[in-house]
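All chains are identified by letter, namely A, B, C and D, in their written order; residue positions are counted from 1 within each chain.
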Amino acid sequence: MSGLDLGMAQKVLDSQPFSSLVGARITAFGDGAATLEIDSRAELHQQNGFLHGGVLAYAADNALTFAAGTTLGPAVLTGGFSIQYLRSATGTALVARAEVVHSGRRQAVARCDLFAVGEDGAETLCAVAQGTVLNANPS
Amino acid sequence: MSGLDLGMAQKVLDSQPFSSLVGARITAFGDGAATLEIDSRAELHQQNGFLHGGVLAYAADNALTFAAGTTLGPAVLTGGFSIQYLRSATGTALVARAEVVHSGRRQAVARCDLFAVGEDGAETLCAVAQGTVLNANPS
Amino acid sequence: MSGLDLGMAQKVLDSQPFSSLVGARITAFGDGAATLEIDSRAELHQQNGFLHGGVLAYAADNALTFAAGTTLGPAVLTGGFSIQYLRSATGTALVARAEVVHSGRRQAVARCDLFAVGEDGAETLCAVAQGTVLNANPS
Amino acid sequence: MSGLDLGMAQKVLDSQPFSSLVGARITAFGDGAATLEIDSRAELHQQNGFLHGGVLAYAADNALTFAAGTTLGPAVLTGGFSIQYLRSATGTALVARAEVVHSGRRQAVARCDLFAVGEDGAETLCAVAQGTVLNANPS
């Protein structure tokens, strides 16, 4: 048990200036899973009008870390992650859903699916990630 | 030969709104290598005053892609990458130096070293990345 | 459609001398998924009696590639993969289940779960992987 | 200082039955680096007469782990790694050279270059890897 709930997770996210700059919000947090959402806007695009890969990488990084925070608690360090891009991310928003696949004393490993949300609300998988988050204070 | 030079690479970077939002500039481009630099500022931080991991992930993604652009040409698609964080990134700036390790007809593989620049200009390695960039128009 | 079935996939596997050396068999193949199984034996262990990480890495590599073969056809090249180890792999066998998450003209991206099978047949997740497989003959 | 030398590292390698099955030897060990070598033979091939990707993945996994052992000591756990294949591995032998890029109390991160050795002794880079090794007994 991490002792955190969605409201506290949103406060942690709000305390990250870069997450505010990107415009991320957290819409699910608990039981080994976390969801980040980012509304699309021109500032987040690359040169062809798609969401920049760096926005997806940010979302994967942070969603993986929050998911791990549900099992490891608030004192975590992102160890690293791997991301594969599948399709250009278009539409109105990006949703990053991360889920812990294993959590130990020392670290947690999680996966993340990143979806582009269309005008009609339909989600299209546009990237997948897998990463490791360290417990900053292993007992 | 990609037919691009540093000035043209900076124009491509400037045409990415998200790169402008982050404040990235390209300071080296050619011969299988590219360097991105980002001045540190509060907007790019996480909750403890370090550069957010998402900023490093953005820089790795884009530096790897520009490095590959020196060998594959301008029509590239980032396939994916893996990043490992080594230390918290403090200081005045972030420097991401990427280098192609192999470039074929179909794709290029590159590595990236990410350094935090201290007040005195000293660079400290804070993350390493490795990724794949696809040729969008293989002949 | 790849035009391959389980019997043909087993023939491909049998034509890989290293897969015979390891003792791998393919137990599922089709519809974007493939399963490899390896009976545990002393020759596959590391110094503490667990399956060597290299055996798991082999299984991930090959299961990802066979899964991609169900959508891309037989002419594939493994691009690369990332694997995270979760627990020591003990028990009687290793099962590697891979599934394609996206398949395009150019390449497929797949994930793989690796399970250790206990004496009682119970499966324990011991590693996760994610990788890219290239179509060797994109039309 | 890890308190290990090349002779002791070779003994550790010899105590891994799978490394004996593959036929790996360790030819350099110390100062944050380790080199594994494997003579090519038919048993290690895939269906087209090249070294199987699983052999390269095994070599990357083990070279990364031994390199980390030079800084972390003998009690290590491989956390995971990412490997990208660049070319088919032909020739008489495989050489995997790994180097630690950062070593902390908790874990080390290392990179590995994998070379195919030709009849004439020339080395060709055929894969690159990057991985994390955990200290099993952090003080």
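The working rule: contacts are C-beta pairs under 8 Å (C-beta built on N, C-alpha and C of every residue); 3 or more make two chains touch, one makes a residue touch a chain.
Owing to the predicted nature of the structure, the values given are computational and were not obtained by experimental measurement.
K.L.:
Specify the chain most distant from chain A by Cα centroid.
P.N.:
Most distant chain from chain A: D.
K.L.:
Pick out the pair in A-B, B-D or C-D whose interface repeats that of A-C, meaning over half of the contact pairs match by residue number.
P.N.:
B-D
K.L.:
Provide the C-alpha centroid distance between chain B and chain D, rounded to the nearest whole angstrom.
P.N.:
Inter-chain centre distance comes to 28 Å.
K.L.:
Between chain A and chain B, what is the gap in Å from one C-alpha centre to the other?
P.N.:
21
K.L.:
So how far apart, in whole Å, are chain B and chain C when each is placed at the average of its C-alpha atoms?
P.N.:
32
K.L.:
Give the residues of chain D touching no fewer than two other chains, as numbers and ranges.
P.N.:
79-80, 82, 84, 109, 132
K.L.:
What residues of chain C sit close enough to touch chain D in their complex?
P.N.:
Chain C reaches chain D through residues 12, 15-22, 42-47, 51-55, 57-62, 65, 77-85, 127.
K.L.:
Spell out the residues on chain B that touch chain C in their complex, using ranges where they run on.
P.N.:
79-80, 82, 106-107, 109, 132, 134, 138
K.L.:
Taking the touch rule as given, give the residues of chain B at its contact with chain D in the complex, in rising order.
P.N.:
Contact set of chain B toward chain D: 82, 84, 86-87, 101-102, 104, 109, 111, 125, 128-130, 132.
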